[in-house]
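In the two complexes that follow, subunit A is the common piece, with subunit B as its partner first and subunit C second.
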Partner chain A sequence: MKGMTVIVKKTTQLIAGIVFLYGIYIILHGHLTPGGGFAGGVILAGSFILLILAFGSDFMHLLKEEKGSTIYENLAILAFLLLALTGLLAGGKIFFANWLPHGTPGELVSAGFLPLYNIFVGIEVAASILTIFLALVIFKEEILK
Partner chain B sequence: MELAISVIVGFMILGALYAIHARDILSAVIAGGIVGYSLVICFLLLKAPDLAIVQIVVETITLIIMVAVVLDSSRVEAYGKFDSRAWVTAGTAVLILLIFFWFLRLASAHLAPFGENTMRMADAYVNGAVDRTGSVNLVTGVIFDFRGYDTLGEATVLVTAVLGVLTILRLRGKKV
Partner chain C sequence: MMNPLIPLLVAIPLAGAFLTMILGRFITGIPRYMALATLLVLTFISFWLLVEGGTASSVYTLGGWEPVDGVPIGIYLIHDGFSALVLCIISVIGLLSVTYSISYMARYTSENYFYSLFCLMIAGMNGVVLSGDIFNIFVFLEISAISSYALVAFGVEKNELEATLKYQVLGAVASFMVLFAIGFIYWSAKTLNIADIRTAFSEGGYGINYILIQILLLTGFGLKAAIIPFHAWLPDAHSSAPSPISAMLSGVLIKAVGIYVIIRLFFNMFEITEGMAILITTLGALSMAVGVLLAIGQWDLKRLLAYHSISQMGYVIMSAGIGMILMARGLRSEIAALAITGGIFHMLNHAAFKGLLFLNAGAIEYAAGTRDLRQMGGLAKSMPFTSSTSLVASLSISGIPPFNGFFSKLIIIVAAVMGRFYFLAALAAVVSIITLASFMKFQRYAFYNKEQGKIGKEIREVPVPMLLSMITLAAICLLLSLLVLPGIRETVLAPATEILMDQAKYSSQITGM
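The block that comes next holds the complex of A and B.
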């Protein structure tokens, strides 16, 4: 697909990195401030979509990106499931048991498993929405060919 | 606050009605955006910033994708003929709507007043979540600890949706 004008490209260069960092902040601080894996993941996907829409991408590159995002998505949900499964093996023998030490509430490293769950759900949501977007773009390219 | 929410919900209903009746599909998509962004303000007024963040980003991305789809295809809606089958469909819809509202009216007599939280479970969550999960953000404590199964289901739904999209939009390997 083709890119957009110089104005859009320059604005995207300035903004996309900040959007990406904001998404990471929302995910990592999910157990302290409003937000979490779902919100941060969508923001991460938004920064990628912004880059692809503004700069454009050739067909083979899009196919490679779709393959990568699909792999990331499935690995992230597998890691989420395995983390939940560790609760069954250790600690209280309960699925989803939060057996890591909780620490002091309010610090960045606290609340046991919750930040890890947030990170993996964030990766999963970002990769899912990016995959749907890439599938639509690739479909359009294939139709036009 | 209830007045403000009522005004915003009125805007949402107007936007939805316009989206149904607009001749141009692009303006219908934009009018559908009114509903989503008004919902963001409703969430903020009802003190749900977690939902507001998700809603505003998802609304923006879906609006971009919908506008791109409309610009790439047709902006004119294809109108079908209003024959006897359409009358049957419309009649069934109105009948189901009436039955739904009748049961809603029966059930609303037993509901708690608006905004008043009287559930025992919710009280236990609000008072004990910080001690039990160690998470200051109550919502994260509930959705990843107390309600972990629900979150796993949500994530699985997203993966299944992506699988469906990839299956439908696959031209390679398909004999056209």
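The block that comes next holds the complex of A and C.
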């Protein structure tokens, strides 16, 4: 897959960062506003996919990228599971217990574990959607070879 | 105090799956031991819960969300007599399949993907069995179904891909039906918790959707359980998968995500109506009879076994249906209890002997390189352990005493006669005889033919891990017949029957009313 013209590349470079930041915003405000880990993660993956589409697959080392995103995906799930298990070990000894202080509702740092869960769900969704995209691209390139 | 082991049954295989993926990238050879360790822990936990739980059932609320005014909020995990048994067969067959895979899967590449998907499938099935609300049943159903699609296609040859495509299309239809039914339930009952749905339905606030919901759920989970009109995917998928996966699919998956959920929902969620009970009994009897007739003409060994799975699951569905009819008529509850006990017992037995038969088929394929019965012959001499364990399994599935299949079929037939379903009792006996005939064909062509087959190479017995799991399963086939003894039956099978018969108890333990 070849890259696109200079105009597209430059515009994508400008936009991708903003899209990425917006994804982070959605994830971090998951417990306050609509959206959350899943929606934000999809936006994060979108910014990566924009870059790959604009610059073409020979620019990026796709196989290496795919390995990295798979590892992030697995680590995010494990971290999520560990957070859930902390509830079993500490606090009320209940799986998924929200034993951190809840703070004042409406503030960014509040609601105990929910922002943390959202962050890891965000990483997980971003990494897995990117992995699926990369797997399809790599598969097509291997067929064309 | 809630039992902290219950959520671990889902958390451990999930953690095992993803740890396998990460560690398997850096250390070769570790995935198999990770999976083995995961399944060992699961087996220990599930038996501990079975022994410790006894007749009591325990409810686990994730995150500690207690019911508000008797309305359950949050996610509930429920461990009772029935789910305890299914959890045990999931872990035991899973453990033995992993042991078997250590040698069998050495011929395939991508070992870490295999064991990771295997653990994911286990996590999904444990989740389905434990979950107390219908939407989480759907979520875990999808986890186990999607990993099993990938596992069926693991050989990536033409046959496997065709089988998995068929399986995926029909599986997607089934999931759609289930989701559609869940939507209808949420619309009319305003809740997703099984116990709460029951309360809402029994107050009469459901209207015309009730029958539609039942039919949709029966179709959706019937597709997963491969009851006869919905069986088309099963023979392909179960025969194309690698053999340990066939053993898991046939031995456990169709029970955990199909039969278990059907029985659980129709006994504990819906009011039992006679019409629905007759429909379920008819479907069960139909798949019992048609499955065996389709099986007897097969020459592909694994296809033959797959068709027998349909037929044997028919026994389970039919006996549960007989129990439902008797309960709907409100008479002779002890016979209904007998029929349900027979069904559950047969489900356990089928997991043992069908798992063993698929492992045997895998061993023959491993040693001789063929699944065609006509090309085998005289294997009894060169493969004594495979031959003798498969004889045990064949006698079990055909219902020959003293093996386990005899006792469960006997209970089912006795219950059918006592409930005055003479035709169904006779049908069950005839099907059992045809099963015997078709397994005599298997034994004769594979093992006891005098002429050597057309394999044309020297055949040796399979490696030790494979033998170990086959011999263990053969021993389990014998040991399970002990469940029929009065003292043991009351402690193991009776709690399961009790939770299904006592409809009010299931919901009262959750809502706390």
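Simple rule for what comes next: the second predicted complex is superposed on the first by the 143 of 145 C-alpha atoms of A that agree within 3 Å, B and C clash if a C-alpha of one lies under 4 Å from a C-alpha of the other, contacts with A are read in each partner's own complex, and residues count from 1 in each chain.
What we mean here is this: contacts are C-beta pairs under 8 Å (C-beta built on N, C-alpha and C of every residue); 3 or more make two chains touch, one makes a residue touch a chain.
This one's a predicted model, so the numbers in the text were calculated from it and none came from an experiment.
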### Message
Taking the superposition on A as described, I'd like to know which of subunit B and subunit C A:49 touches: first, second, both or neither.
### Response
first
### Touch count on subunit A, higher of subunit B and subunit C
B
### Task
Report for A:122: first if it touches subunit B alone, second if subunit C alone, otherwise both or neither.
neither
### Query
Is A:81 in contact with subunit B, with subunit C, with both, or with neither (first, second, both, neither)?
both
### Task
Look at A:70 in the shared chain and tell me whether it touches subunit B only, subunit C only, both, or neither; answer first, second, both or neither.
both
### Query
After lining up the shared chain so the two structures overlap, which partner does A:96 touch, if you call subunit B first and subunit C second: first, second, both or neither?
both
### Query
Hey, what residues of subunit A end up touching subunit B and subunit C alike?
70, 74, 77, 81, 84, 95-96, 98
### Query
In the complex of these two chains, what residues of subunit A are touching subunit B?
26, 30-36, 38-39, 42-43, 45-46, 49, 53, 70, 73-74, 77, 80-81, 84, 95-96, 98, 102-103, 105-106, 110-114, 117-118, 121, 124-125, 128-129, 131-133, 135-136, 138-140, 142-143
### Query
Can you name the residues of subunit A that touch subunit C in the complex?
67, 70-71, 74-75, 77-78, 81, 84-85, 87-88, 92-98
### Task
Going by the contact rule at the top, pick out the subunit C residues touching subunit A in the complex.
2, 4, 7-8, 11, 14-15, 18-19, 21-22, 25, 60-64
#### Entry: subunit A-facing residues of subunit B, complex
49-50, 53-54, 57-58, 60-61, 64-65, 69, 72, 130, 133-137, 139-141, 143-145, 148-149, 151-152, 154-156, 158-159, 161-162, 165-166, 169, 171-172
